[in-house]
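The following blocks contain the structures, represented as structure tokens.
Next, two complexes with subunit A in common: one pairs it with subunit B, the other with subunit C.
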Partner chain A sequence: MQQLLDQLKQQFGDAVIETSSFRGDDTAVIKVSHLIDVCRYLQESCSMNFLMDVCGVDYPERKDRFEVVYHMYSQSTRKRIRLKVRVTEADPHVPTVIGIWKSANWFEREAFDLFGIIFDGHPYLRRLLTYEGFEGHALRKDYPVNKRQQIPTPISLLD
Partner chain B sequence: MARGNEFTDGFLTTRLDEVVAWGQKNSLWPMPFGTACCAIEFMGVVSSHFDISRFGAELVRFSPRQADLMMVMGTITYKMAPILKRVWEQMSPPKWCIAMGACASSGGFYDNYSTLQGIDEIIPVDVYIPGCPPRPEQVLHAVLRLQDKITGKDRPKYDRVIPILPAREVRNS
Partner chain C sequence: MDLSLHTHKMHLNLGPSHPTMHGTLRVLLTLDGETIVDANPEIGYLHRCFEKESEDHTYTQIFPYTDRLNYLSALMNNVGYAMAVEKLLGLQIPPRCQYIRVIISELSRIMDHLVCIGTNLVDLGALTNFWYFFNVRETMTNWVERLCGARLTNTYVRVGGLAKDLPAGSDKELRSCLKELNKAVKDVTGLLKKNRIFMDRTQNVGVISAEDAINWGFTGPCLRACGVDYDVRKAAPYYDYDRFSWDVPVGVVGDCYDRLFVRFEEMVQSTRIIEQALDKLPDGPIEVANNQVVLPPKHEVYNSIEGLIRHFELIMFGIKVEPGEVYSYTEAANGELGFYIVSDGSGKPYRIKVRPPCFAIYQAFPELIKGQMIADAVAILGTLNVVAGELDR
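Take a look at the complex of A and B:
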């Protein structure tokens, strides 16, 4: 299983910042600039055909505050891998991977909705779980626990 | 043929609104607004074992225009709130509302950014049912209490307007 991480390190060199392997969970932290290349490589050469989840994580104490985590699975080799990219609060831009896995669409909208991470190139980056007019991003650690927003009024049923 | 006692045998007198209320209370048509597990419990109430039709409220309508009892069963999020309000407004008066379960009554344990702390923040509620989820007997009890209310002196005020709450801070417990 270590093999896949070694393969990534060999292929992309410095773009792989760190790797870890805990009880069979292989994780690679990579540079945002190489995200599309790494994902395309995993999908085309390592048969990682199934993007299971994309989510955001907030680490307020870090310089690169946000992390975007991708979980991939290969239905033919039955292997899994986890990719992480780190972005700052000032520049929370990550390229979209919709071109590689279509399932990324709603995952990325969810991460945008709850963490405010902007996925460049996303065709329809709109809030998914909260509503239009919601202020702020609810799963950021500095979102006030006791804040209640105005209850929305009925909206037009046509989009 | 003897005549003279038509007005003592076979007649009873009442007031029109009382006899109308008597009819209404015995033929409540519920509109189930089920968003969570309480709606599953409601299926048990409607089915033969508990059988809500013993109290005349078995005719479940999935169109608000044909119903006069809204039963809100489950968690209502801020995103769902305008939909619930619109469905309630589509019901024609007279209409009543039962908040079933902890979530619909008070938000339950979802005291967070996304959940309405009780549907009475947006629509008037006549009967609240505690429980997570409530027993079917509690739902039947709620229907009986609503029937008392319909024929009683404090007829529910279904046209009460609830003002929209502004953004605010709640007490952090």
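Take a look at the complex of A and C:
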């Protein structure tokens, strides 16, 4: 399993910020600027044909506040990898990976909805689980849980 | 001369409260006559902040919430979540517990498929099958009630073990359930397999190719209906699944017909697994012998100060989990159910992300129904088995 991480380090050098393995899960933290390249490499050269999950994690005390976590799976080699990118609160922009895996669509919308991470190039980046007019991003650690929100009205969905 | 009639497109709002929408789903359809030109789904009507709530609860307190993810097979969600926490803790659970978890997982897979197929056939106008299936499901629910006291929201599994052992006479009762199931499956397949109306309604309806299905992140019966034999129980066997003899059923075309018949066959395979697990069911403890994880026995709590303190700490502060993060996955009734847990070393998870199988599948719904009739949209939605509870969390 370690060899996949080594392969990534060899291929992308400094773009891989750190790697780790814990309980059999391999993780690579990479630079946001190289996300698309790494994803394309994983899909084409490492046959990672499934993008299983995309989600955000909030660490308010860190300089790079948000982590976007991707889980990939290769059906042929039966390997999995976890990829992470880190972004700041001031500039929460991550390129979308929809062009590589269509499954990223709603997972990215969910991360946008609940964390406010903006996926550049996403064709329909709207709130998914909460509603239009919802104020704030619910899964951020500083979201006031007792906050009252306005009563939603159904959106037209016509556009 | 232009003889064609001038038509203009019509919008139809399907759901969120509609008997065929299987929960609370809303889709805005753009129609040309009765043909669907475009579809725009909206979800979130059943959003209950599972992930946010979890951050404020101890690991044990989260079990009741997991019941309500896929409420048709609650036991299996319990198992999936417990496995994730145990992976984070690095715990190896005893063999008897593993076998009981296999039995309840496969039983809930059967119960889930029974509802999926039954209700889908009701949507298609075939009510009889629903009663055949719900008769069997009722006998199974009765056993589950004897197992843990609840019929739907079970909360039966614990971190490192189970709430209690199997009730007396389970072996006999389960085997008789399975016998009835086989009879019901035979009855229903007899009614359906060569049924002209059913074949017309489902064959070549909602077809998706294997490449597309993988790209959309399909897992479970919907993926296997396209001919891809990916099953977590074979690809990354947990709980001795590799020691049972069973097969992964796959389809050919990837249409509604295949998706339903893959489920039929999966039920038969699940009965094989349950029968073998019952045959081999080992004796022994159902919990790990680790007092940092499982509650001490009641006589220790009442008669010793150590027991009382241990009990108090586990209830009030929860199980202490070392910092780290894992992604754990099981084969649930709809596909790969993943839990991504980040721990900061306290008794509560820092972050839990559920990867519900039908979330990835339902994304492709607009693609599947474009160019089809409204009635086909209903048939397709049913075969995808979208459960709003786990879709919206």
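Couple of notes before you dig in:
Convention: the second predicted complex is superposed on the first by the 152 of 159 C-alpha atoms of A that agree within 3 Å, B and C clash if a C-alpha of one lies under 4 Å from a C-alpha of the other, contacts with A are read in each partner's own complex, and residues count from 1 in each chain.
By our rule, a contact is a pair of C-beta atoms (placed from the backbone, for glycine too) under 8 Å apart; a residue touches a chain by one contact, two chains touch by 3 or more.
None of these values were measured; they are calculated from a predicted model.
Judged by the touch definition given at the top, the superposed model places A:R78 against subunit C, while subunit B stays out of reach.
Of the two partner chains, subunit C is the only one that A:L51 touches; subunit B does not reach it. In the superposition on chain A, contact of A:A90 is made with neither subunit B nor subunit C.
Residue contacts after overlaying the shared chain place A:Y131 against subunit B and subunit C alike.
In the superposition on chain A, A:T153 contacts subunit B only, with no contact to subunit C. Residue contacts after overlaying the shared chain place A:V145 against subunit B and subunit C alike. Judged by the number of subunit A residues each one touches, C leads among subunit B and subunit C. Overlap of the subunit B and subunit C contact sets on subunit A: residues 129-131, 138, 143, 145, 154-155.
Residue ranges of subunit A in contact with subunit C, taken from their complex: 22-25, 27, 49-53, 55, 57-58, 69, 71, 75, 78, 80, 82, 101-103, 105-107, 114, 127-131, 138-139, 143, 145, 154-158.
Every residue of subunit C that touches subunit A in the complex is listed here, in rising order: 11, 26, 28, 40, 42-44, 47, 49, 51-52, 56, 87-88, 90, 212, 214-217, 219, 228, 230, 235-236, 324-327, 329, 336, 338, 340, 342, 350-351, 353, 355, 359-360, 362-364, 392-393. Interface of subunit A with subunit B (complex): residues 129-131, 134-135, 138, 143-155.
For subunit B in complex with subunit A, the residues that touch the partner chain are 78-79, 81-83, 85-86, 112-114, 116-117, 121-122, 164-172.
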